[in-house]
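Some structures are shown below for you to check.
In the two assemblies presented below, chain A is common to both, partnered first by chain B and then by chain C.
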Partner chain A sequence: MVRAIVLRLLGVIPVLFLVTLVLFVLLRLAPGDAADLLVPDDAGEEEVARVRERWGLDRPILEQYWRFLLASLQLDFGRSYRYGADVFSLIVERLPATIELAFIALALAAIVAIPLGIIAALRKGSALDGAISVFAIAGVSTPTFWLGILLVLFLSAELNLLPSAGRLPYGVTLPHVTGIYLLDAILAWRLDLLGLISSYIILPALTLAFGMIGVIARITRGAVIDVAQEEFITTAVSKGLKRGEIIRHHLMPNAAVPIVTIIGLELGVLISGSIIVEVVFSWPGLGTLLYQAISVRDIPLVTGIVVAYTTMFIFINVLIDIIYFMVDPRIRASQAV
Partner chain B sequence: MSNSIPEPAPAGPVLSIEGLSLFVRADDGQRLKIVENASFSIAPGQFFALVGESGSGKTMIARAVMRLVPDAVLEIDGAIRFGAHDLAHASERVLRPLRGCEITMIFQEPMSSLNPLMTVERQLMEAVDAHGRFKGVERRDRILELLRRVRFRDPELILKAFPHELSGGMRQRVMIAAALINEPKLLIADEPTTALDVTIQREVLDIIAELARDMGLAVLFISHDLSLVYENADEIAVLYGGVMMEQGPARKVIESPAHPYTAALLACVPHRRSKGSRQVGIEGAVPSVADWREGCRFVDRCGQARAACRVGAMPLFVKEDHSVRCLAPLNDMGERH
Partner chain C sequence: MVGVRPVQLLTSALLSLAALLASTALSAAQERIMTITATEPMTTDHPYGESSAPVYSMWCHIYGCLGRFDHTAGKPVGILAEKWEMIDPVTWRFTLRKGLKRHDGGPGPTSADVVHTLQRIRTDKESVHSSFVAMVDSIVPIDDLTFDIKTKQPAVNLVSALFDRFIVTSAELFAKHGREADKKFAFGWGPYRLEEYASDRRAVLRKNPDWREVDGYDPKEAPDVVILQQMREPEQRVTALLNGEVQVARLIPPQLIRRLEGRKDVKVQKTGGIEVMFLAFNNKMEPWTDVRLRKAVAHSINRQLIVDRLLGGHALVQDGIIGPNQFCYTGKPDRVLEFNPARAKELLADAGFKDGGPEIDFYTAVGRYISDRQVAEVVAQMLRQTGFKVRLHTPEYANFWSEVRRGRSPFYYMGRGSVFDASDPAGQLYGTGGSPRVQYSNPKFDALLKQQYGEADPQKRCQLWRELNQLLIDDVPTHFMWTHSVITGLRANVELAVERSGEFWLPRSKMK
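Take a look at the complex of A and B:
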């Protein structure tokens, strides 16, 4: 099992290599010139050339890529054109906000969707099952930006129930340890802040979760229905086990693999999907940063952030593989060689 | 479980089925009769073979006894008497303590009747714990004893195994161990050897017969293969198209079959035919439920069929403990009932 995990992790290297290569080439193929954005509008040719040279933009593209690769191995993604700061530290600073939002959204979605899926499966064909299906389809087909804006307009602007932007009100400070505010508040034993922090997370998290609830509920429903028809469930009934025991020990563990898979995929989608939601709710995460970086063609920053997203995506997949190993002895056996 | 006071010999049959008719409710709302007015009883310690081709309704009878099919799908008419209970109309609260304890079941497909994610130990322990007949350290001893009795040479090793690490025959032996662990009164074996290699079929059957004898266990053994059961069976019932065609002590049914169908089945038993002759079968197939008409269900495949066989209900002839439902039994069956 350890060997299999190490192999998975080694597999990350070629993927990252390819992603950076494609990204590097595409960003430079795109029309427009980064140097133009770095200089004032009224700058002359000479100044543009100087800026180009200063940022290494005058070198051949392969050489630029090679220098980028060497530097990125030392986590040096260069300096942001826009902020002038080190790209890596900019990412590290923004990352926790994105992770916090993603996990809260995922937790919300899973807590709602998995029980809904189970209930729908156990009462297949009932009115409740139908209602859950309609809700699921509504969730999948609602655009997040529309839902986000709607929630802001209604709950924040109209009813003034919840804050609509940022992570904390101006003036409230928190000792910065992990950057994940809920965790930091607990570490600093400022439990009084948990409610406040949550009130800021809840709307963007709900917006993100809404689309996922449908997908996860549908997959859970399907997985549970499939497993319920398996012969070992009949065996469990014929052993005289209680209904709850059968669901907990036989039905759910066997339905877990597809559910874990979809949660992993959704988490990947979520991290990139959060870009729009972060912008709508002015959430100071990686998504907002990427949005700003793209709008000013801040190539080092865009590259760095995309590498960060890719890395997270790949590690989530490795994590899902590890969960497979823990859940299913057959997968363990097939990887044991 | 030693008991100093000898138990009085139980009076009457373990299981008594009276006028059992089964109806399946299809998705389109149709109600199809799949078993018609079947009656039989199984005495303590008796090996009762229920033989029939696929589609004859034998598996549904087995599942009806355990009440493994949801009421919404299977409607039961008549009585299934087990001790003081009528299982046909018993509630889940009555059924659950009986399942896996008083009545147990093994299935056709050993590959799918064990939970793939649980070790053998957990699956056996769960069967024990569901009924609490054995407690504490006694439980493990009981499990090891049963594994030894189903002829595992190294039971400790089997305990740690997952189902995918065992062969089909081994899994079926685990199923037998689980079924017998609580010392049931009745074991229902639904084609337990059909999915196994021919060489292993005999061994599994021998184990069932041997343990049943040792434990004084009544067995309802369901099979499509008369040749498999006639050595072990005390009593044979032949089911065709949901109707009990013939029933009686194994010796009588085999030596002097009264129903043309039973005779045809016996003619198909490979080693009963003379050397050099071709393997025979019965022309045609079991009529599907939708094609059931009045008269005898076997009429289209019967060599003795006459016009009267297509009209009305077939009479039941009973001679001592041997009965047949046929207009013209093959040998003297005494009075019409």
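Take a look at the complex of A and C:
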């Protein structure tokens, strides 16, 4: 197991190399010049040239990439053109907000989707199964920006139940430990803030979760139906075990592997796919940062963020492998041989 | 704890919580906090690291700038500068205000700070403001509070070009702390001091209790704390205003105004804007080298119809680079290019396109200007109706702007913001060698433009502008469309005079 994980982690290196190379080339080939977007509209060509020289944009692309590679070996992704700050620091500063949003969205989705999937599978072919399927398809098909705006209009504007933007209001101070506010509030024993923090996160998390509910519910339904047709379930029924026991001890543990897989994959998708939701809700995470970076062709920042996303995605996959190992005795057995 | 029942414990805990909430509410009530939406990127705490009018305005409130233009009064008003005068065509003398204190209790602004500011704007690697001071040759201190700005060429427009964008920062703090001065020692002389700066989120400004306006006005009704909260999406701004999260929602697009109308808790303020929108031709690219075709485009467009139907009446049709909201407007130009499709067809026929054509590529940014894509679609359709064969392109702004800046866009819809005094924008867009965006060249235009830079008599200068405006209408290097109104949503308890530039001066605002 450890060997497999080490091999997977070593595999990160060529992947990151390729990702940065492709990104670098694509960003340089794309029309639009960072220098044009950094200076005011009334800036002359000399000013644009000065900015281009300042950021090394006047150098050959291969030289730029080589410098980037050498620096990134020391975790130095350069400085953002637009923010004028160290890219690594910017990512570290914004990452907790994205992780917090992704995990809350994932938790919401799992809490809703897994029971829905199980119910749909157990009532296969019923009207309830049909209704859950419609709900799941609606979740998958609804564009997040549209849903986000609708939720803002309804829950914030009409009912005034929840704030529409940001992460915490002015005047509320929270000791910075992890940057994940819910966790920091617990660590600082500021339980009074949990409600306030949640009120800011609930709308973007709901928006993100909605799409995922559909995917997880469909996969859960399929997995439960597949396992329910296995002979050991028939045996359990024949032995007269109670329905609840069969579901808890025989059906769900065996259906867990595909569900864990999809949850893991969806977490990766969530972290990297929250860009639009973060922008709609002014959520100060990596997504907002990436949106801003792309719109001004901030190459070091875009590259740094994509590298961060790629690394997270790979680590999540490794984590899923570990979870497989824990939940599936067959994998444990095969590793032990 | 002996004898204390759980009920008593719970009661006392609830009472403590209530007392805490009450005290928080009381302290909140004592402070007037105004949250204003910020619509432009707020990416750096470097005072010269970002270029947009709202960002200049924010730093001007904090560090202080030389002055601002009061559009209501129709005159420039000092902020750090007390008085200014043109000594000769290339020299302006400024006197700084006495008695100002820096936010950390340090001395007031001096000529040395102004010299340092120019130096930093020009040499700091993170500065993107050096184009503003391109006209400046040097700044010469006369004494602690007096300095001369020497310009490379006559520049009667210096005050309007520089006043509110020249953010004065402390030479002493920068010498001591370098770049850290912007982060940990961001002390200036402006009416608000910086309390918090979180990029892409918010800037929090707290009122400087010592601040008095240059005319002695005490801003006691102005908010104690101002939060500039980044909200890029218009829907979100409107929602936040309606539910009371913010007190001022800026740049409300016409289609969202209805959500605010008819409500007692919010009000809509409309100000005539100075962002000039136009259709630009690359005058050196075919087919736009032919003035008949440029005129045919102008005669094809029913600007008033677009303003009325598409923009909800929230724009003012403009015939030249100078319109009623701008400096030196002397009334309707003598000749204008009205909507006249029959004339457009005649011009097309004259140019050899009797049976339709030419085929043209038309570009617009999407989401950069109010209803830009929709406007472009209507314009394209109007052009088709007179015979042009139009291909409409809607590239991403970064691509669009790069092509325009390099003179590679043949025909496009765009705007130029904050054109109050049109001298510099006109020079850049239409002056020979100004920039490749329009590629227009007319020696008469160049000569008149140069002449007005040196004309100190406002009446004579405005007469020159009348001629310049007419030249641009006759030659049609661009066809002017309109200026959008600046629509701001305010909570009912807020009074804030939004200027034509879209900016405002917080000490003159009121919050009940």
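The rule we apply is simple: the second predicted complex is superposed on the first by the 314 of 337 C-alpha atoms of A that agree within 3 Å, B and C clash if a C-alpha of one lies under 4 Å from a C-alpha of the other, contacts with A are read in each partner's own complex, and residues count from 1 in each chain.
The rule we apply is simple: contacts are C-beta pairs under 8 Å (C-beta built on N, C-alpha and C of every residue); 3 or more make two chains touch, one makes a residue touch a chain.
Keep in mind that this is a model prediction, so the values were computed, not measured.
By the touch criterion defined above, A:P329 reaches chain B but does not reach chain C. Of the two partner chains placed by the overlay, only chain B lies in contact with A:T234; chain C stays clear of it. Taking chain B and chain C in turn and counting the residues of chain A each one touches, the greater count comes from C.
Of the two partner chains, chain B is the only one that A:P253 touches; chain C does not reach it. Taken together, the two structures place no residue of chain A in contact with chain B in one case and with chain C in the other. The touching residues of chain C, counted against chain A in their complex, run 17, 28, 33, 35, 41, 43-44, 46, 49, 51-52, 125-126, 128-132, 134, 196, 198-202, 204, 225, 227, 229-233, 235-236, 238-240, 242-245, 259, 395-399, 401-403, 405, 416-417, 424-425, 428, 435.
Contact residues on chain A toward chain B in their complex (touch as defined above): 230-232, 234-242, 245, 249-250, 253-254, 327-330, 333. For chain B in complex with chain A, the residues that touch the partner chain are 66, 68, 96-101, 104-105, 107, 109, 112-118, 126-127, 130-131, 162, 164-165, 175, 178. Looking at the complex, you find that chain A touches chain C at residues 30-33, 36-45, 47-48, 50-51, 54, 82-85, 149, 152-153, 156-157, 160, 163-167, 170-171, 192, 279-282, 284, 288-289, 292, 295-297.
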